[in-house]
Every structure is written in C-alpha cells, then in structure tokens.
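Same chain, two partners: subunit A is paired with subunit B first, then with subunit C.
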Partner chain A sequence: MCEFVLQAEHLEKLIQVIRGEGYQMLGPVLRDGAIVYDQITTTQDLPRGWSDSQEKGFYRVEPGNTGAYFGYAVGPTSWKKFLQLPQRQVWRAQKTDDGLDFVQIVEEAPALAFLGIRSCELHAIGIQDRVFVDDQFCNEDYAHRRDRVLMIAVNCTSPAATCFCTSMNTGPEVTANTDLALTEVINDEEHYFLIASESYRGGQILQQLPLTPAAERHLKAAESAVQSAVYKMEQGPRSLDRAGVKDLLYRNYESPAWDLVAERCLSCANCTMACPTCFCSDVQDTTDLSGEHAERWERWDSCFTGDFSYITGGSVRPDTRSRYRQWMTHKLATWHDQFGSSGCVGCGRCITWCPVGIDITEEVQRIQAMETAL
Partner chain B sequence: MVQHSRTVTGSPAQKPKLAVWKFASCDGCQLSLLDCEDELLQLADHVEIAYFMEASSRQQAGPYDLSLVEGSITTAEDARRIREVRAQSRALVTIGACATAGGIQALRNFADVDEFIAVVYAHPEYIATLKTSTPISAHVPVDFELHGCPINKKQLLEVISAFLHRRRPQVPPHSVCIECKLRGNVCVWVAHGTPCMGPVTHAGCGALCPTYNRGCYGCFGPKENPNTESLCHWWRSELGTDKATLIENLRNFNASAPVFDAASRRLEQGSDKK
Partner chain C sequence: MTPEVFRVEQRREEFPGTFTLRIRGERAKNGSPAEFQPGQFNMLYAFGAGEIAISLSGSPRDRDGYVHTIRTHGFVSQALERLQAGDLLGVRGPFGCGWPLSAAKGKEVLIIAGGLGLAPLRPLIYNLLGDTQSVRNIRLFYGARRPDEMLYRDELAQWAGSMEIVQSVDHGDADWAGHIGVITGPLAGAELDPQNTVAFLCGPEVMMRFCIQTLTAKAVPESAIYLSMERNMKCATGHCGHCQWGPNFVCKDGPVFNFAGVQSWFNIRAL
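So, the complex of A and B:
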C-alpha cells in the first residue's frame, strides 16, 4: 500500500472529487451540541476545531486545542442509520375481488460516501454485514444500500474516556477493508493527511488529488498520532477482558450482579439504539380505516422493550434484569457462537448515552468480582 | 401490554356506531378527532358517528359499537354515568391522560379538596365533587387505553382502525427515547444535561419536546416497566435537580398514574431509597 500526503487545504478537493463522482457525501457535523453524521457539501460543514468530553451518561462538545477536522471521538449516531434505516416500509397490499395484491417496496439506494469512519465503526459495519448479508437470510434493503457506499476511514487520534477499542482489537488503527484511509497530522508547522487507497474506487479518487509521496517523517508522525491514541486508551479508565468474557457470562446466568444493574437500568433502550452493531428490528402491520389497504413497516427495535419478547401469554423477559442480561450476554458471549465474533467493538456509545451511566466494562468486572467472592 | 380487544361488529348492511363521551377534561382529546381533517370524511364513510356532542348536537340512542371516552371521574354523577356508557358500549377505549390516569385534576388526590374549593369558589356550598379524580378503568372495564395529553391523532386513527378490523393496535408502550433515536435526535439529557422524563415515559408523541431541545414532560404517562427511582436518583445526584422540581415533573398530567403517584409520594415522604 502506497501512502501519500494531502495537505489540509486540499481536503476540500477530496470532498469535491468524491461528490463529482456522483456520491452524496455524509460526514461529521456539529448539531444540537453533538458531533453527528449528516450530509456535507464542503469542508465548512465539518466540525473543525471541535472536540468532545465523554463519560458515563455524559457528553459535551468543546473546543479542541488544535484546528483538527477529525479531533473528536465517536458521537451519538453511527453509520447504521444510513444502512439499516430506522424505519422503512417493506410492502403494501390492497384487497382485490379474489384476494390481496402485494407490492414490495424497493427504494433506489443512493450512492453514499461515508467520510470519517473510525476503525471501531468499520468493524461494526463488518459485523452488520455478517448479520444482514453474509448469511442464509439476506436483508436485501441493507445489501443494496451497503453495496453503493464509498468508505473513507480516518484513523482515530482522539479517543474518549469511554473508548475501549484496544481491548476489543478493533482499533484505533484502521485495519479492516475500506476504500480510502486517512490519518490527520497536525502540529505547529504543518497540517496534512496521510492518505492511502485500498480499493480500485479509492485509487480512482486518489488520481484526481494534488498529492505528494509520503516521506519517512510523514509516516512516523502519522504512526505516532495513532500510537498516542493507543496509549491514551491503555492509560484510560476502561478495558474489557475479551478472551475471558464469553465463558464468564455463560457461567453467570444467575449472578446477583444482574439484580444490581436492574436497579439502575431504565430499560429505555438508548444503549441498543446508539450501538453500531445492534441490529434488531420489529415489523408492524397496519390497515387503514377502510380495511382495503395494509402496510408492513420495519423499525429499529430493542431487547429492552416488553414487546420484543412478547409471545402468546406475555413477555418472555418481563423484568429489566432479564432484559439487561439478554443484551449483554448476546453482545459479549452468544454473538461469538452465532456470528463468529464479539458483538462489541468498544466504541463506548452504550456507556456515554446511557442516561444513568451504566458501564458495560464495569458490569463485566462486577460479575467477575462477585464470582470470585462466592 | 395491550389488552385483548372486544370485537366491534356492526352487520355488513349497517356501519358500526361510534360514540364519543366527555367526563372531567378539557376537550383537547376529542378535538384530536376533529383535527383528523383529511381522514374525518373517510372515518364517516366507515362508521356512523352516532354520538359526538363536540361535533354535532344530533344524538342517536345506543347501543354503540365503539365508545371513545375522554375525561376522569370527579363527581358521583359521573361515576354513575360511566357505568351507563359501559353498558351501552360493545368496546370502550379511553383517550387521554384524564381518562387513563386522572389528568391534571388528580392533583387533588395529593391534597385536601375542601381546602381547594374554599380557596377557589365564592360559594363552596354549590360544589359537589369527589375527593379524588380517578381514571375510567377504576370504575368500569376498559378495552384499550390510549395515552397522551393530548392524544396523538394518528394513534387515535390507528386504534379506531384496529378495532374496526379486529386487530391489535400498533401503539407501542416503550420509552420516548426510542422515538428520539428513530428521529436522530441528540439526547438532551446526556448532551445538554437537561432533565428529561423520556426514559420512563410512554411513547406516542414522536418525541415532540426533545426534538425542540426541551426535556420530556411525561405527557403520555409511564411506559411499560418504568424505573422512576433510578431516574430520580440521577436527576438529583448528577443533573442537580431539587426535590420539588422532581415532584412537579412526576405530578403533571399523569400525577395519579400508579407508578408516578408512588414515586412522588416516596420523594415527598423522604423515603426515596437512593
């Protein structure tokens, strides 16, 4: 892989070249006090100079101490909302003289370019691909949307206190498949991106950019920026025992720790909605007043609702204890058996966006501690 | 969880008869039905609007296939009248915070109603009222409760459609948070430090207040499986909310919903564990 230098003032060129190729560009923007993913048309839309502070149940944007374009950690939204739509119509039907006429709703998938994907998020997209595409049952809507996405990853150099991707082996350095990979380097004298293409489409874009070959010092500076993120997380407050957690949870279905977390958990579903890998959805069938027309809609669902496990006679998981246990055990343990990997990428969203600050890494440690104490 | 609906029949030749009843309330939920401007004619095509005093003084006698009941029970006369309505209704659906939880007027349940009357009325002796405001379900069996202050007109049409076609209404009892996330809202609690009732509140409004950067007021009452204790603890310890504000938030339009009622009393008595 050959790496080049793109001066920061040419980032605009990158955006315009990609837009010129027919892509709708999506990337980070500052909105309502958070850095979220939305449409961008120019570098002016990017949250340049903004950073964030994150802790359990706490998020604030704040001015960063550099003029970096990507000097923030992942925010409340993930790329999931563009691939697995929060809600979409699946079919509609009309009553006819001899039965029902069904029409499948197929929406033309737009060509999207995701700018600023972090390594943890690339892994999350990979996990959703495994669930929706690489299996016996394919979610065609997801597959069509996913096919048309151009991925522009940016190495993470600014993790939050809630991040633990180093524990999950999902970052901060981009190692998974992407079209383009960037590293932002900023110091007193210089502001540039180290850029490399990892696909044919990425290569086509590189050819249209004003690049210079990367010198040894550029590579070193980029590596050291990523290493500082690694160091920050290793020194940081959070980690997770990736190797041991599956068996730990399988041994502890009846741990008293579940009762303790249930006292705090609001079963509000924020963690699952914010999680970039949680993929559950509900399908809802409705009729109109005439009874002549019916529709089926798919909508994000959560294992924290009562309806989620409602079968004849009631909800299988009526209490919060069983809902939290289901979520965490699936995410960290049964996911391995089902899909061959962990369902957690260590992005920390469930920790930050839990209104009452429940921390998945702390909960694992508590189960461990209570097991040892017994 | 939604209760099983009773079948709304109405023979093929005859449209099902709809009645709309008012008890102690502001009429806002009935108005939601009139607000269904585009769908109102369609509704009239499929049901006979037999009794709806807000819209027409023409009254048809019962029985009725579907009764929508607005308002709470605050007088002995209304306690008798609701039993009559029930007896005339094949299916009875309560609409709004008053009918499902006693409404804002249930604040009397936490105070001495005679004192209120003495302060408000020049001639208290003319007032005949009960000491409590109670939901319809405290008096007669209810087939479905549609929450909200006011109710959401789309949900009302959904419930009517569901009863007409003998299916379960798609009115999920989960949190307002899910509606926020579906809309792509940034959480006002986590990102702004704004106290928000969303995590314990029943969905249905489409996360109206958080969409405009306000905390949820809990207009739709408690969601299924709510944890008010944990919410109160975090508001106090992390968001710096004082006890009086917390009680005010619990004692809104759904003050007498059992979960909010118990939580506000615990706070008042200082027996809140956390």
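So, the complex of A and C:
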C-alpha cells in the first residue's frame, strides 16, 4: 500500500473530488452541542478545532488544543442511521375490486461517501453486514445502500475516556475494509494527512488529488499519532477481557450483578439507539381512514422495551434485569455464536449516552468479581 | 419481503375463540404454494392490522393451499378471526426448521401436545400416518383445558385406529371418560423403550418443561426429544432480533429444536 501526503489545505479538494464523482458527502458536523454525522459540502462544515470530553453519562464538546479536523472521538450518532434507516417504509398494500396488491417500496440507494469513519465504526459496519447481508437471509434495502457507500476512514488519534477499542481489537488504527484511509498529523509547523487507497474506487479518487509521496518522517509522525491514541487507551480507565467475556457471561446468567444493574438501569433504550451494531427493528402496520390502503413501516426497536418480547401471556422479559442481561449477553456473548464475532466494538457510546452512567466494562468486571467472590 | 395474496377457502370454528383457515394462493392459481416441512410456520397478515407467526397445521402433501389453526388473543388474531371464506390475507413463508422426520425412523414415536400445540404437530402426524412402516409405533399424548377445547376431534377419532391416543383435560365434564389432570400423569405411566423412543413436543413452556422431566426420568435421552418454541416474531428472517432465545433465533434456528442442543437455555427464566 502506497502512502501519500495530502496537505490540510487540500482536504477541501478531497471533498470536492468525491462530490464531483457524484457522491453525497456525509461527515462530522458540530450541532446542538455534539459532533454528529450529517451532510457536508465543504471543509467549513467540519468541526475543526473541536474535541470532546466523555465519561459515564457525560458528553461535552470543547475546543481542542489544535486546529485538527478530526480531533474528537465519536459522538452520539453512528453511520448506522444511513445504512439501516431509523425508519423506512417496507411496502404498501391496496385493496382492489377483486383483490389485494402489495407493492414493495424500493428506494434508489443514494451514493454516499462517509468521511471520517473511525476504525471501530468500520468494524461496526462489518458486523451489521454479517447480520443483514452475509446471513441466511439478505436485507436488500441495507445491501443496496451499503454497496454504494464510499468509505473514507480517519485513524483515531483522540480517543475519549469511554473508548476501549484496543480491548476489542477494533482500533484505533484502521483494520477493516475501507476505500481510503487517512491519518491527520498536526503540530506547530505542519498540518497534513497521510492518505492511502485501499480499493479501486479509492485509487480513482487519489489520482485526482495534489499529493506528494510520503517520506519516512511523515510515516513516523502518523504512526506516533496513532500510537499515542493506543497509549491513551491503555493508560485510560477502561478495558474489557475480550477473550474471556463470552464464557464468563454464559456461566453467569443468574449472577446477582444483574439485580444490581437493574436497580440503576432505566430501561430507556439509549444504549441500543447509540450503539453502532444494535440492529433490532419493529414493524408497524397502518391503514388510512378509507380502509383501502395499508402500509408497513420498519423502525429501530430496542430489547429494553416490554413489547419487544411480548407473546401470548405477557413479556418473556418482564423486568429490567432480564432486559439488561439480554442486551449485554447478546452484545458480548451470544453474538459470537450467531455471527462469529463480538457485537461490541468498544466505541463507548453506550457508556457516554446512558443517562445514569452504566458502564458496560464495569458491569463485566462486577460479574467477574462476584463470580470470584462466590 | 412482501406477502403473497391468499384467499380464505374455508373457515372452521374449532371451539369459541379458536378457528382453522384453509387458504389458497391467488397468484398461483395453477401452481402450488411453496412446499413446507411439518413444524414450519407462516407469517399471516391481516389487512391493516399486522402480521403474526402461525404454524402450518395442514398436510404437507396437500399442495393446493395452507391450513392454519389460530387462537384469538391479540389485535391481529382478532382481525384474522373476522375473515370469512372469500376474504383475502397476506402470507409470507414458510419459515423455520421443522420436525426432523428422519429422527423418527424405526423408533417408537411419542407426540406430546398441549392445547393449541397440536396444530404444528398435525402435519407431522399426517406424514407419519402416511408412512407407518417407517416407525415402530406412534402414540399421541394430548392435553387440553376442557373436552370441548380439544382440537380436531373428528380426526382424533379417526387417528385412534392407527395410533394410541391418550387424552387428558384439566377440567372434565359429565361425558369425559379420559384422564383429568396434567398430561405428565399418563406420560409417566406409559411403558416405553427409552433407547428407541423419539419425542416431539409442542405446548406451553411449562407443560413442555414437566414433560421433558418425565421423559428424562424414564431414561429417554435428551437428544431424542424435540420441542417447538414460541417467541415474538416480526421479520421471520433473523433480522429484527425479537425472537432471540440465548444464541438462537427461534424464527430461523427453530422453532423446532433438539432438546440436547438447547437444554442450557431452556432452564433459564426470562431469557
């Protein structure tokens, strides 16, 4: 893989070349006090110079120490919302004189370019691919959207305190399929991106950019930026025993730790909405007033609701204890049996966006500690 | 995935609140609907009301349509209950893994049904009765709340010529000559050759739980017991997440499971 240097002032060129190729550009923007993913048309839209501070149930954007474009970790939104839409119409039905017609709603998938994907998020997209595309059945809507995405990953150099991707082996350096991979390097003298293409489409974009070959010092500076992120996480407050967690949870379905977390968990579903891999959905069937037309809509759902597991006779998971246990054991344990990997990428969103500050890594450690104590 | 349009050909009231629909595909007037395996289910859509998972309860050899026995409970089943012959509904399916007929070969077959649980077992019974040479014998243990809440009573009488049928009710009436109480009573008293027995169970989880205890106490191996599970289902294709049961998706890994493979999950409450 050949790496090049793109000066920071040419980031604009990158965006415009990609837009010129017909892609709708999506990337980080500062909105309502958070860095979220939305449409961008120029570098002016990027949260340049902004960073974020995250802890359990805590998120603040704050001015960073540098003028970096990608000097934050991850915000409340993930790319999931562009691939598995939060709600979409599945089909409509209509009564006719002598019958009933079902019409599948096929939306032309837009050509999207995701700018600034973190490695943990690339892994999250890969996890959803295994659920929606590579499994026994294919979700065609997701597959079509996914096919048309151009991925421009940016190595994470500013992890938050809530991050634990090094534990999950998903980052901070890009280690999953992408079209382009960038590393932002900024210091008193220089501001540039180390850039490499990892696909044919990525190569086509690179050809149109004002690049210079990367020298040894550029490579070293980029590596050092990524290594400092690794170091920050290793020194940071969070980690998770990736290798042992599945068996730990399989052994501890009746751990008293579930009762303790249930005392704090509000069953609000925030963690599932913020999670980049949570894929559950519900369908809603409606008719209009004439009773002649019906529609089916799919929307995100959460295993934290009572309706989620409702069957004749009541909810299978009637309490918060069983719902939190389902969420966490699915994410960290049963996911391995279902799709061959963990469902957690260590992005820390569930920790940050939990209104009562429940921390999945702490909960795993509590189960571990209680098992040892018993 | 859009539903196929089906028309109700016949509606039969089994007893108040439980009915059987025979439905035929509209588009496949000359062709046949997709084949199904005993134990599989369809997603039935009542116009505007919604869609629910209902097991196939007709004969797999009947290639003209599907048969579904439904108990009225929620919004969608109430809408399905209102359907009369000639009315339309949507069907997606068949889905899921059914009863493994091959496991019954040469065995003493125990079919154990509780209440509506007889519906998904009926296609299995049809297949077994169509090829009685392949098994050593067939016995049906069927428990229901009351005598008049037994499904397929005419057929039960017919089947009695080809297999042993033990019926049990929670509450008897003046004419009831059979067992009163839970089905585990007669099951416990049954003579069987445990190493050459295969059991197929469908009913409320609590009923299956106690029947399995009874069977294993009689030395029937866990791997010779198959059960059909029920969970909330929306997509039936393993994408919506609702039917998860431990690592299993009941919609695609089940609804029929071998007990040996799911034993550890079966014993966890509120999983």
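We take it that the second predicted complex is superposed on the first by the 374 of 374 C-alpha atoms of A that agree within 3 Å, B and C clash if a C-alpha of one lies under 4 Å from a C-alpha of the other, contacts with A are read in each partner's own complex, and residues count from 1 in each chain.
As a convention for this text, contacts are C-beta pairs under 8 Å (C-beta built on N, C-alpha and C of every residue); 3 or more make two chains touch, one makes a residue touch a chain.
Treat the numbers as computed from the prediction; the structure is a model and nothing was measured.
With both structures placed on the common chain, the touch criterion links A:Tyr253 to subunit C but leaves subunit B unconnected. When the two structures are aligned on the shared chain, A:Tyr310 is found in touch with subunit B and with subunit C. When the two complexes are overlaid on their common chain A, residue A:His330 makes contact with subunit C while staying clear of subunit B. Of the two partner chains placed by superposition, A:Asp241 touches none, neither subunit B nor subunit C. When the shared chain is aligned, no partner comes close enough to touch A:Asp129: not subunit B, not subunit C. When the two complexes are overlaid on their common chain A, residue A:Asp45 makes contact with neither subunit B nor subunit C. When both complexes are overlaid on chain A, the residue A:Cys265 reaches subunit B alone and has no touch with subunit C.
Contacts of A:Gly291 after superposition: both subunit B and subunit C are touched.
Once the two complexes are laid over each other on the shared chain, residue contacts for A:Asp319 go to subunit B and to subunit C alike.
On subunit A, the patch touched by subunit B and the patch touched by subunit C overlap at residues 285-287, 291, 310, 318-319.
By the touch criterion stated above, subunit C contacts subunit A in their complex at residues 2-5, 26, 45, 47-51, 71, 73-74, 88, 90, 230-232, 234-235, 237-242, 244, 246-247, 249, 252, 268-271. Partner subunit A is touched in their complex by these residues of subunit B: 1, 39, 42-43, 45-46, 157-158, 160-162, 164-165, 167, 170, 172-175, 177-178, 181-187, 189-192, 196, 198-200, 213, 224-227, 229-231, 233-234, 238.
By the touch criterion stated above, subunit A contacts subunit C in their complex at residues 90-91, 93, 95, 99-104, 131-132, 135-137, 139, 253-254, 279-283, 285-287, 291, 294, 301, 303, 308-312, 316-319, 321-322, 326, 330, 333-334, 337-338.
Residues of subunit A touching subunit B in their complex: 31-34, 36, 57-61, 76-77, 81, 86-87, 263-270, 273-274, 284-291, 299-300, 302, 304-307, 310, 314-315, 318-320, 352-353, 355-357.
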